[in-house]
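There are structures below to look over.
The following pair of complexes shares a single chain, chain A, combined with chain B in the former and chain C in the latter.
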Partner chain A sequence: MKQINPIFSGIYWLTTLALLVIGVVMVFAYTPTEVTMGPVQKIFYLHMPIAICTFFSCMVVFIASVGYLWQRKAMWDHLAHAAAQVVVIYAAIVLLTGMIWGRAAWGAWWQWTPRLTFSLVLWLLYVVYLVIRPSIESSQRRAMICAVYGVVAFLDVPLVYLSVRLMPDIHPTSIELEPAMRNTLLFWFIPVTMLTVGLITASFRLAKRQAACNVIRELPMPKSKTPRPLGTPLSSGNRGVV
Partner chain B sequence: MNSLNYAIGAYVVGLGLIIGYAAWLWLASIAVTKREKRQSGQERR
Partner chain C sequence: MMLLLRQIILLTGKDLRIEARSRQTLGLVIVLGILIIVVLGLGLGPEQLTNGASATAALWVAYLFAGVLVFEKTMSVERHDGALASLLLAPIDRSVIYVAKLISNLILMLILALVITPVAVVLFGFDLSAAPWQFVMIMAMSILGFAAVGTLFAAVVSSTRLQGGLLAIVVLPLALPLVIASTQMMIQLFRDGKPIGGTGLTVLLAADVLYLVTSWLVFELILEP
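Let's turn to the complex of A and B:
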């Protein structure tokens, strides 16, 4: 497997970390406080870029699943698995930050509105994706089932996006932002996008290496020189029976 | 609770989950490296 240059990798992660720290400083020191909601609105600069990158990761799962169904290459399955992990983490962040914001703004941790419900369903769909994977032993069968599931699970993404526009919901559709607020929001897209690409890449490479190790482990063992147990018939029908 | 505390709490939770996942990936990567070394040693033998 082709190795990523560790110097490049180190620079990439350090830059991402530095941009995240700058982003946090911008949120709490540079960006003005919103008049109606107060300081709790500052959650928006994390909540929205992570939500957009959740959709991006869902798209990666979808494309990789279609890729597997088309080409039947294990690489696509590893990519879908990696992106699904990121979806679960990111969707959890979107739900938790949204709940904290909701507690401060609406006085309740949770409301069963279309946007929130479809977001919860999205998180659950990808949690199930990760849960069913280890339960299927055959790698080809697992990849096939997960690819079909990955395509079907993606159907929830347009529902999450459109629910707030098509159905009555307390979740805001758009927020008016001052120039300083807009700059902070745009800035946050840089580290979050870098983080998403970095995490999917790292997880993808790990999945490939783990699969390579498992292939070696599953290779047939050389013929043992231990004597055949007494009473075992000489017929070839018993070969390989455990 | 102060509204600012909610905002700080949200950043702690969000960035904490990301850092936790990145740390898990890193540890898993170390474990795979060890396994690869062990397997390559077995193959040589």
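Let's turn to the complex of A and C:
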């Protein structure tokens, strides 16, 4: 397995962390507080980049699933699994930040608005992807079922988006942003995108290592050629015979 | 073309003959559907029973759970005595097997709908007279999409240990666009008195085409004895 240079990896994560800290500082020190929503509006700088990166991760799941169906290489399955984990975490963050926004804007934690419903269904679609994986024992069968599901789930996303638009909407469709707010929002896309790529890569490498460990674990154990010393107890498997 | 049609009719006939002789699926799913309608009716209480949207929602719950059972049963018969292995050895294109299974499932779902829809209409006091044909059209389109994706995943899941439970978990979230679009259209049609069309019909049509085409393409790859 090709290793990523640990120094490069360390620099990447430190840069991401530093940019996130700068982003937080910009949110509280640089951007003005919105008049109607107050401080709760600051959630928006996290909410929107995470939502966009959720779709990016969904696309990675889709491409990897198509790759698996095409080439039947385990690598694609590991990549799809890694991206699906990120989708679930990110969709949960989008859902939670959306609910906090909704509580401040509409006075209720949950409203059946199109966008909240869309986030919920998206989260559910990919939670199911993760839930079904451990229940299938054969690794090839698991990869196949998950690849088919990954393709259909991604194609389902635009349908969910269109269908929820039939519901009555109270969500803001467009927001006028001041230059400071716009700059902060654009800045937040950098660390969040880096975080997404980093998380998918780290999870992918972990999945590859786990698969390699499973292969080693399934290899037959070599028989010991050294005779059992006198006086040592018999193994439990031999006791019944003796 | 005629050969393909003959193969589809033969395979569908085989599935329906097995069902007619064993009677193991339809009786079970019809009773399950009625039970779901009754339980939801009792749970919702008298205030909600005259609401058209409640009847549609109850019908959907019954269709979804009974449908999953139908898909699972029609595919599990192929697992007995190596029937699927024999079917795969036969000189038939695998997409023909998918189409035949889909038609069998659709016929069983149609019989199920013909029994439990009147039950829900009566128990929920749902007045269909305003737009009966639109109701039938929306439900038929929704069931087609649901059966398309259900048939695919029944084949995928049938070789695993969990089967029924896993199939429900996989298929239900994928059916959500159909549920959302059809229930919203029913609300527009029966509560607000607006004609159907636009986005709702587009979603149902797009879902049907998408699920049918994807399932037809992927089925060939996933079928294993």
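Heads up, the rule we're going with is that the second predicted complex is superposed on the first by the 208 of 242 C-alpha atoms of A that agree within 3 Å, B and C clash if a C-alpha of one lies under 4 Å from a C-alpha of the other, contacts with A are read in each partner's own complex, and residues count from 1 in each chain.
Throughout what follows, a contact is a pair of C-beta atoms (placed from the backbone, for glycine too) under 8 Å apart; a residue touches a chain by one contact, two chains touch by 3 or more.
What you see is a predicted model, and the numbers here were worked out from it, not measured in a lab.
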Touched partner set for A:104, first chain B, second chain C, both or neither: first
Chain B versus chain C as contact partner of A:20, first or second or both or neither: first
First, second, both or neither for A:40, with chain B first and chain C second: first
Residue ranges of chain B touching chain A (in the complex, touch as defined): 1-4, 6-11, 13-15, 17-18, 21-22, 25, 28-29, 32, 35-36, 39, 43
Contacting residues of chain C [partner chain A, same complex]: 149, 152-153, 156-157, 159-162, 166, 169-170, 173-174, 176-178, 180-181, 184-185, 188, 199-200, 202-203, 206-207, 210-211, 214, 218, 221-222, 224
Partner chain B, residues of chain A touching it in the complex: 20, 24, 27-28, 37-43, 46-47, 50, 85-86, 89, 92-93, 96-97, 100-101, 103-104, 195, 199, 202-203, 206, 209-210, 212-213, 216-217
Residues on chain A engaged by chain C in the complex (per definition of touch): 69, 117, 121, 124-125, 128, 131-132, 135-137, 141, 144-145, 148-149, 151-153, 155-156, 159-160, 162-167
